[in-house]
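The letters A, B, C, D and E name the chains in turn, as written, and every chain counts its residues from 1.
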Amino acid sequence: MTEFTTWDILRNLLLATRWTLVLSLVSFVGGGLLGVLLLFLRIGRARIGRIFVKYYVELFQGTPLLMQLFLAFFGLGLFGIDVPPWLAAGTALILWTAAFLAEIWRGCVEAVVKGQWEASASLGMGYLQQMRWVILPQAFKIAIPPTVGFSVQVIKGTALTSIIGFVELSKAGTVVTNATFEPFTVYGFVALIYFAICWPLSKSSQMLERKLNVAHRNH
Amino acid sequence: MSLIEITEVRKSFGSNEVLKGINLNVEAGEVVAVIGRSGSGKSTLLRCINGLEQINAGSISVAGQPLLPDDKHLKALRLKVGMIFQQFNLFPHLTAGGNVILSQTVVKKTPKPEAEAMARRMLERVGLAEKFDAYPDELSGGQQQRVAIARALAMQPMALLCDEITSALDPELVGEVLAVVRELASEGMTLMMVTHEMKFARDVCKRVVFMHEGRVHEVGPPQEVFTKPKTEELQRFIGMVGEAG
Amino acid sequence: MHYQFDFGWVADYYPVFLKGIWITLELTFVATVLGVLVGIACAWARTQGPAWLRPLPIAYIELIRNTPFIIQLFFIFFGLPGLGFSLSGMEAALLAMVVNLGAYSAEIVRAGIQATPRGQFEAGSSLGMNRLQVFRHVVLVPALQRIWPALSSQAIIVMLGSAVVSQIAAEDLTFAANYIQSRTFRAFEAYFISTAIYLLLAIALRYVLAGIGSLIFPRRAVR
Amino acid sequence: QADALADIAARGTIRIGVPQDYPPFGSVGTDMNLKGLDIDMATMIGEKMGAKVEFVPVTLPNRIPYLQTNKVDLIISSLGKNAEREKAVDFTQAYAPFFNGVFAPKDVKIEKPEDLSGKTIAVTRGAIEDFALSKIAPPDADIKRFEDNNGTMSAFLAGQTEVIVTGNVHAAAILEKNPPKRPELKFLMNKSPCYIGLNKNEAGLKDKVNAIISEAKKDGTLAGFIDKWLHQELPADL
Amino acid sequence: MSLIEITEVRKSFGSNEVLKGINLNVEAGEVVAVIGRSGSGKSTLLRCINGLEQINAGSISVAGQPLLPDDKHLKALRLKVGMIFQQFNLFPHLTAGGNVILSQTVVKKTPKPEAEAMARRMLERVGLAEKFDAYPDELSGGQQQRVAIARALAMQPMALLCDEITSALDPELVGEVLAVVRELASEGMTLMMVTHEMKFARDVCKRVVFMHEGRVHEVGPPQEVFTKPKTEELQRFIGMVGEAG
């Protein structure tokens, strides 16, 4: 039987990290695009749209991501859609990410003070014009720190895809553990790799937040 | 026909009736001060005229057009009547110039160069030509309020509604804003302003409207209202304000 | 679609679900109580504690908040025995949940403490209280009231996150779904039902926590 | 009505569910590539059918849902046969011998099922040995059911449980790697040869795979695999 | 020996020296008003005496005990000197009674029943006996400040420091708080109060301390300080305050 050296362990984990990164990126970008769509429905004028998104968010924030992955994985297959793990993982994570981002962004739109709506209305702007030129540019700035912060949640969320068999960092950790019987070392490394990816994002989110608060105080 | 005609206007928030049948006409070129205790409905009246609040009964018409709450009528109304707020409400992500340009290009579809020329003229008119590229947070409160006036003027409204536009300013900055308003009044702009600056109201306004508990309680030229108040409420109000000022 | 939905097995297996729900709730409850205590201790150490102590909670909070829960769980269950520290599945699940919630609630509690007006600290000190007494009697209760909604959300997040403890043989609601799935081969139905249960639990928990909040903090919101 | 055989021909690939956490049937090397008896079987079947093999790593509990939701065409994953499973899926003929056993370190005294009383036992949920164990274990045995073989084996090796119930050949493969705790055979529970699983009503595919297995039995290919991975001879009764 | 002895006290915030060598003695039973322009260091002086700020040079002693910045000495000091703040700083999660009881039980370990009896007496002394169970947000500003006074009194201090305790109150509520303070003064409590209520200072205080730019600029009995200011700065200050009041 072949023996794993510490370097073998680390090398295999780092190779699997690629998939964690790819999946995170896909989920974040896909979830972001869908999130924008949901955001517009949520703050839009159509009542059905608002209600739909409200329940959508409730559903995805009120159930475990793990269950969403299971349902995507086994559920979509029932409808005759052939779902490999990466597709189920991507779909579930995109839907999940979109729910959270839409909700975060809605908070940012609502954080724009009422006076801005009134001032732009009294200048004769319509709803879409107010949104496009006055509200969204301000909300966008407020939204950057929490959005960067949420990217950490997405990266951590990808770890659950290991359970439906997508081989990313966490799954590689389990597989390597089974071949080496060194769970302490292996999971220690896995945790450190996640930390190395997530911590810079958390920090920059906090720094952006602080910068924004300082900027606000000057107003 | 008056420029602004307000007839039997009523407005409630929930069960709280804030305007209890307001009748008031404002002629073109007239400068009207609205005074009254806190909570008497002054702001609400102005906001109704500008369509920021929807009225429950009565009618408001501006330049003969009745105010209807659909988007098209609202937009038409707001092109005729500008509004300036206590909290300035400048767009913080745009420069002073950008603030004045935006609504022209977006609402009136004025071509950019023309809008910019207009913005420069209006900023000059309020004495801020050199602040064209400054962001709101780089301006003093008084300067911000003057930009807000320039922004409203650039839409070439027939009347301006001003809601306590100097109340959020440090005392030393009040003067510069009132100077601009005084100038506008002398040029014949129609102005309807809620104010606590009694001296200013006396000097500049043709008519003073005293509101009390959701009604227009007394109306008259300033010398009459301030020196010979007819009702006890107005007497008490003037006493209070006099003490404070 | 050649798959026929079949929920006929539910009658035979509902006790498994009930047990799973019970364990999920039990884990959530104990982890929330202990986790918030850990959070309060860390928040105190970080904002009021002696200077030498401060790096410790910071390192703990950053480490936990920047690694996935499932890895924390595996590390505790599979990794720690290497150091001679062996826990059962339930114990490991509970410990992982407490450690996880502790880090998040530490940040929430800290925000609550930092929103306390300076005058409150000063009024406390000028009455002769020491730092710990000021924290315990003056700062903590209004801070908890302020952050109650945030703590409630975090408790719900922890409950939903606990779905992965089934991976180390803790017999929670997800374990029930997995167990039934492997006995009946009705994967979709089992997961569908358990997802619906989680949703109901989350909604119920939100109401219950809001109710508890208005019971123990009858005062209007403290600014 | 789907016809898996036709689908495979059309696609040019056959998707086969294989284990990646269950040596000697399937595990990873230091290069993370799969190897093992089931992997060799899958490769051979692919070759014989003239289709490219797509390996889909499955765990013991999710093997059957993978098949049911049509994520794989075949499962070759030391799959044992029992009545429950026969209701859900179809089986080919057996391709490898397999015995379920109860294992524990040397110092733990266990000789018969009753001795399991009060012991903590690791088993992989949904594996054939889970069904077997559930039938024979005394009520006060503390059975910990893990999600996959990784979990089961890690828990045992980390000392989380005293006993592990698994296949004899799997335990042997673990012993070869000099683990921190040695799973030694206490007693065998039942014989449960490995079958290849496929969806019901796929007669075409079933016949084809059966034919390939028969041929491999005849020409010694299978005996080669069994010798290479299980270090034993192909039993005559398989 | 004076009750409070302040000798050459200096205090800086960063490079900004706020107290530039303060010398001041307050006798037991004396009522001292501290006046001066905004930023002259009045609050800082009071906060130093109460140990809320640490001094950089000089010494402060209360009842003969020097102020040292360790926990034990600070606690002893604060049992002798109570402080009342502009912003009341009541504990919002406790009733009026709870506010007065808390520090007694926590700091002095007074048994609950005794602490409660004391709380009732003190609330009665400030005229709020019936508000024992009311929460701060159910009280007016004046009532809240009176609870704060009761809370300080319950610790039985030798002196009270009051920092603009009526500045955050609506004008109609100032009187009720000052009445309580006047009562305390007449009962012989040592009081050191920063105040802008010149009339009150004149009526009640034995001595007025005028601070200017971090120094005690003039000290004297009120009739002297207010009617015959010696320095130009004090003249100007009294002129300003006179105008405003």
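Observations on the structure shown:
Here, a residue touches a chain if its C-beta (ideal position, glycine included) is under 8 Å from a C-beta of that chain, and two chains touch if they have at least 3 such contacts.
Model, not experiment: these values are computed from the prediction.
Note on connectivity: the fewest chain-to-chain touch steps from subunit B to subunit D number 2. Inter-chain spacing, taken between the CA centroids of subunit C and subunit D, is 38 Å.
For the pair subunit B and subunit C, the distance between mean C-alpha positions equals 53 Å.
As a whole-number value, the distance joining the C-alpha centres of subunit B and subunit E reads 45 Å. Residues of subunit B in contact with at least two other chains: none. Of all residues in subunit C, those touching 2 or more other chains are 3, 78, 81-82, 167, 187-188, listed in ascending order.
Residues of subunit D found to touch two or more other chains are 62, 65, 68-69, 147, 151, 154, 158. Touching pairs of chains, sorted by label, consist of A-B, A-C, A-D, C-D, C-E.
Those residues of subunit A lying in contact with subunit D across their complex are 1-4, 8, 12, 15-16, 73-74, 77-78, 80, 82-84, 163-165, 167, 172, 174-179, 181, 183.
Taken in their complex, subunit C has these residues touching subunit D: 2-3, 77-78, 81-82, 86-89, 166-169, 175, 178-179, 181-183, 185, 187-188.
Across the interface of their complex, subunit B is touched by residues 115-116, 118-127, 129, 133-134, 137-138, 141, 215, 218-219 of subunit A. Those residues of subunit C that touch subunit A in the shared complex are 1, 3, 62-63, 65-72, 74-75, 78-83, 156, 160-164, 167, 174, 177, 187-188, 191-192, 194-195, 198-199, 202-203. Those residues of subunit B that touch subunit A in the complex are listed here as 50-52, 71, 74-75, 78-79, 82-83, 85, 87, 89-93, 102-103, 106-108, 136-137, 148, 151-152, 155.
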